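Let me give you the structure first, and then I'll get to my questions.
Chain nomenclature is as follows: A, B, C, D and E, assigned in order of appearance, with residue numbering initiated at 1 for each chain independently.
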Amino acid sequence: MAIFLQVVLDGLLNGMLYALITVGLSLIWGVMDVINFAHGEFLMVAMYVTYWLGFLMNVDPLISWIASAAFVFILSVIVYKLVISPLIGKPPLSALLATFGLSMLIKNICLNRFSPNFKLLSDTYLGGRVIPMGDLILPLPQLVIAIVSLIVITCIYRFMTRSRTGWAIQATAMDRDAAELMGIDTSKIYALVFGIGGACVGIAGGLLPMYMPVHPEAGSLFSLIAFVCVALGGFGSIVGSLLAAILVGLVEALVGFYVAPIFKYVAVFGLYLIVILIRPKGLFGW
Amino acid sequence: MSKRWGRVIASIIVIALLAGFAVSGVACAEEKVIKIGTLFPLTGPVALAGQRCKAAVEAAVEVINNSYPDIPVPLADQEGILDGYKIVLIHADHQGKPDVGKSEAERLFDQEGVFAIIGSYNSAVTKPASMVAERRKRIFMCGASSSAELTKRGTRYFFRIAPTDETESIEFVNFIKWLNETEGTNYKTFGVIYENTEFGKHAAQEAKKAIEEAGFEYVADVAFNPGATNLNSEVQMLKGKNPDVVFGACLGADYILWIKTMKQLSWLPKVSLNYCSGYQDPLIAQQLGGDGDYFMGTTGYSPELAELMPAVAPVEEIYKSKIDPPVPFDSDSIQEAVAMLVLAQAIEKVGSLDTEKIVDALYANEWDSPLSLGGKVAFAPGGQNIKAMSTITQLIGGEYRRVFPEEFANAEPVVPMPSWDQRK
Amino acid sequence: MTDFALEVRDLYAGYEGVPVLHGISFEVKEGEIVAIVGANGAGKTTTLRTVSGLLRPKSGFVKFYGEDVTGLPAHVMVRKGLTYVPEGRRIFGKLSVKENLELGAFKEESGEVVEQRLEWVYSLFPILKERINQKAETMSGGEQQMLAIARGLMSAPKVILLDELSLGLQPSLVEKVLQIVTEIRRYGVTVLLVEQRVLEALEIADKGYVIQSGRVVMSGSSKDLLESEEIKRAYLGM
Amino acid sequence: MALLEVRNLIKKFGSLVANNDVSFDVEEGAIVGLIGPNGAGKTTLFNCISGVYKPTSGKVFYEGTDITGWPPHKVARLGAVRTFQVVRPLIDMTVFDNILVGAFLKTSKLEVASEIAESCLKMCHLDDHRDKKAGSLTIGLKKRLELARAMATQPRLLMLDEVMAGLTGTELKEAVDVIKDIKSRGITLLVVEHIMEAIMPIADKVVVLDSGVKIAEGPPSEVVQDERVIAAYLGEKFSKRLREMKA
Amino acid sequence: MWYGVLLLIAVLPLIPGPLQSPFAQHVLVLTLLFACMSQAWNILGGYCGQVSFGHSVFFGIGAYGAGMAVVTYGLTPWPGAIIGALLAAIVSLIISYPCFRLKGHYFAIATFAIVEIFNRLFMVWYWVGGALGLDYPIIEEGWKNFMWFQTKTQYYYGAFGLFILIFSFVRWMEANKLGYYLKAVRDGQEAAEALGVNSTAVKLTAIAISAFLAALCGAFFVQYNLRVDPPMVMSLDMSMRFVLITILGGLGTFWGPLLGAAILIPLQEYSRAMWGGLGGGVDLIIFGILIVLIVTRQPKGVMGFINLLTTRFKATKGGDD
């Protein structure tokens, strides 16, 4: 029983991390109908920012994630201006292709600049700390990420539903021209959404180096899982991505432990196929 | 109308493309050079290892081409080989992909006209790439690929320096036997955690064979996907089966994650022995800090072995200048340097660039190799270096202490590993 | 110079290299209802899209109360007081009626002002008040059209551009919707109307422009146009 | 026996009843008009007949065959072909290729299909636009294309969903001529239309729907004077104008 | 005139000179192979409008078919290729059952998931070699075993045969009912159905043919590389290449896949030959920049660019409008 609970706990915590990565992707996807293939690379860039801040200036990830998020926010806005904005309204595949090229570019620039070495911040404040709870072990770094994830997602949800800008984003997602006619500067909205999407993954990437090593390929699998979570939850649905990500985390942990670790991603992708068979637009898609 | 234009332009592009080939194959001027190709994963998931291997070969070539009378390595005291021939390296990148490896090997031979190839780290790439050489009757020197199968293919032109995962597995098991005899431990249950790739799977297979042959119990077989986002269920599984001894075949980032996860779940085997790079990478050891301590693994070379191999230090200096950040040799990269040196010695000995004679010479002689543990290299049919040796070391305080076999040992192994809460 | 609320000169515009407008010129005086009529594909909607800023013109200029606003994006035009109610309604289907209306007043920060405007449009369209919390997409076509107009009015425009109000509406509703247009004018809003129903449009307009293949081919007071033989033959099917 | 018989057709979307117990016949060789206010359920009815939706209950018979719930392509193969209210040109294909797709229904040979397509192209006056991408056409032309495409399938029953909406006077006249031409070829027509001026003179029978219920059926001249139809649909002013037009 | 071009290409490698260079021939073989593969993808993705990222599965099944015939059963690759291709077609039909119900991005992600599932299952399925892969033994070279070690000329002709097969099939398809139906389903499924097109049947036909041809290409690929393992053939990376090439050349156009391959493959091979050895990933950086540039400049692919040129050319020639 204790093991079962531990496995569930691990899955839950990982799911929250996936949620934080997913929500940004989902936002971009839902509002702009753009598949950002370079999402994983944004994560990796954020991890590098945190790493270098920690390595060169001794800033703990607990603080430097803010810088990472800000950095990726700016990077995203620049990417939007240079790469995405010319492709808005063009065939949807072209944005996918462009971001694929971008992901290749970012990955190899990092390889070129930072070498392929694995980089790990060896002593972070929370690194390796755990809270023992009877038979259960609660790893602190993951817990912090999960809490941050919940806070961020709640904030975004409230922002999207309560604030004027959030409204404007929703309106833009539904009908860009009509939104423009309401006096909403939709190209600014797009840039903002792309930036927020980047910032979310930036936060995740900023916190990850507490226990994950950084290297140019670090984002690859995360982005793949994020894609599945987005589609599983339904594009653009914030609640959907949260629940889908948690579900993915749980399935991954349970199958990994009770079946075999090697099958955990098979199960995750299989889960997506099964869900999509029943609900072709994901759990919360419209 | 537009369809016709499509055709015209399509054909123009095709023709332009073909014309492009005309200017491509510009050959180097014939000087007194011997071209050797290197084929490593310079980009992609294992780029780190590939770049180190490349630098190691470069260091070896530096030693061969220039006169370093102070370095006690064959060919160091003279300039070049064959009376002034210099070795020129042509580097190629296979990205960790077998198909790319094969075509790059072909390109090196056919286009660049290299005399031999040194490569290519990933066993999965070495296999098809070395077949290219075999079919062209050219030499393929392999430093670090560890799959035992490579040297069981009945090839003639393929030579491998490093010990195989087969010999390493047997050594691991012998070490445990030795522990049980001398330290009074009673380790019986074994587990293997490995990345599910060519490398990991091979290692696991050999491990299983060795463990079962020795009459031990093989209780946990944990494969995972490389580049994992977490290893929680993997470690949970190990924890559940609780083997006394765990063999690990995890590369770089996964190795770090594995140890971090074990720490979080506060579990450790009594002994952990590791194949290949994660454990051996001195940078990783440094980054893991105290968490990496007490793990063991095979080591073909590490700075702590320098006292056994005095010739390494000056070569290592050259190597460090070629890699950023400067790190010491590790067990993989140094084997590539050895491969280069042995090949050069064979060429020098034969006195000409006759591949057949060089191959015969490679099989027939025992080569001095101050960069190898044991100091000698000799090849059995199939190309395996039968003098390949490695020690089992234990990492304590950032230092690789030699614990087995006894003739190399400089420290007593600390077993069982102190649990996480006993460490500071 | 500021006689005209809207003055358009020699407008050229098109989509992806396909020119649609070949030099459109017209003007609208404050407080007028002006109708632009013409056949399918004549460039009526393109004209409105260009004037409202959704489409950049290739050349020519648009003056709004004497100020050159050529090529300004639509959201800036809204702030200046020119609102476009697009063809096909384009309401936010997933949002409620009230939310749609509030979005219409997006540029207005003060809640009080928004409330006042809501009252105003409810008085114009009592049916909308009954449906405050209904999702917009569940309303009938006529109600959606009213919502679209109301939403446009929420920005308190000086000039409102109305595109094909009658499209897809049953005859009885066409009558009603066009009636509302004349009511809007009474609040001092200048109206530029695009219609395919030439007869109905000219009946309520002060002035009309007939466009064909991206050019103005005829213009004049509605009365003159309605009596013109050419119009009767070409557009009224008489 | 009528060519198409709709019997007690009910279609619900959740709690919303789009068609409630609708029955009517389309006689062979006739033009039947289907009119009603927006949201009266005309298009839903169309979709139920052509197989896009499955009716909740009720039956649809075509030549006596029960085709209720058949997929659209099977219905089309029987010879009952429809157009769409919101035009659906195959945008990246040329006008001619669009029509060709329809023509392939009755033949697999390119030559034969081309001949059929060619004649439909002429019939709908699209010759000048033969090689244009369908997506680049104006609405009016797209509607004509829709018609030509449907005609290329050589149907027996043609169901037109607002092909005349958005046309100007002259265009309307042309369209009416085309429809008359189609009728003269012995093809039965079921027409949903808003433009009363156009439908009234040519229809043999009009069926009026309101809120999913059939409220009137009969020759146009009678229906125009029906109080319920005036209240629900035409409006006083328009009804008067129509009657004047007739007179 | 395009027959002339084909003839030219066919004869060229025979002319002594630069094209005898094995590397040039290698680039040609790869270009043709990827043109074929992308054309196979184009049948479903371009003509029928179902953008699949799952084609490396079919490619892989074909590769494994040939590979297992030679390595596991000691046969010639030919029966393996045929069985593999048929199997790929069957698998494609099974896969498409759930997937064709999905629209747009949901379909794309579902095909993503399928590649990953197949990849991971093949990694642990040791009957087909698992993570270890299948390595070809040294056997007799020639057409019987479809392998050559010294020269690439025969591979070139093999690829050329495949090219003729696939491209002429697509040419035939374009001018026939199937081609029109595919495009009709792409441009408007409902409209097509109203015209009597059984869209499900059309899509299934498209994916089965597409998978069959893709598997043949896979079989060629494995014969060319003489090794197969899952990451090599059944990966998202591989799928992306087919999509990339086709879109770059022009989605749903006949020449697009060839154009895309003729640009991308030599670019990739030459840039790696030139800069790959530097180890800084310079070739991939340049590759990435080029993709971004090309796509942002001309999202409709090279064919879009050509069409633009043609219209301009016609306009300057003073033709009427």
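One rule holds in what follows: a contact is a pair of C-beta atoms (placed from the backbone, for glycine too) under 8 Å apart; a residue touches a chain by one contact, two chains touch by 3 or more.
Being a predicted model, the structure only gives us computed values, none of them experimental.
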Intersection of contact sets, chain A vs chain B, gives E
Chain whose Cα centroid lies at the greatest distance from that of chain D:
B
What chain lies farthest away from chain C once each centre is taken as the mean of the Cα atoms?
B
Using the touch rule from the top, work out which pair, C-D or B-E, shares more C-beta pairs.
B-E
Taking the mean of the CA coordinates per chain, how far is chain D from chain E in Å?
43
Measuring from the mean C-alpha position of chain B to the mean C-alpha position of chain C, what distance in angstrom results?
73
For chain A and chain D, what's the span in angstrom between their mean Cα positions?
49
Indicate the residues of chain E shared as contacts by at least two other chains.
120, 123-124, 280-281, 284, 311
Taking each residue of chain A in turn, which ones touch at least two of the other chains?
108, 111, 262, 265
Show the residues in chain B shared as contacts by 2 or more other chains, in ascending order.
43, 47, 50-51, 196, 223, 225
So which chains actually touch one another? I want all the pairs, not just one.
A-B, A-C, A-E, B-E, C-D, D-E
Touching residues of chain C toward chain D in the complex: what are they?
18, 38-41, 140-142, 164, 167-173, 175-176, 196, 198, 233-238
Which residues of chain A touch chain C once you look at their complex with the stated criterion?
164, 167-168, 170-171, 174-175, 177-187, 286
Chain C partner, complex, touching residues on chain D are 36-39, 136-141, 162, 165-173, 194, 196-197, 233-235, 237-238
Once bound in the complex, which stretches of chain A touch chain E?
29, 33, 35, 82-83, 86-87, 90-94, 97-98, 100-109, 111-112, 224, 227-228, 230-231, 235, 262-263, 265-266, 269-270, 272-273, 276-277, 280-282, 285
Footprint of chain D on chain E - complex, ascending:
175-177, 180-181, 183-184, 186-188, 190-199, 252
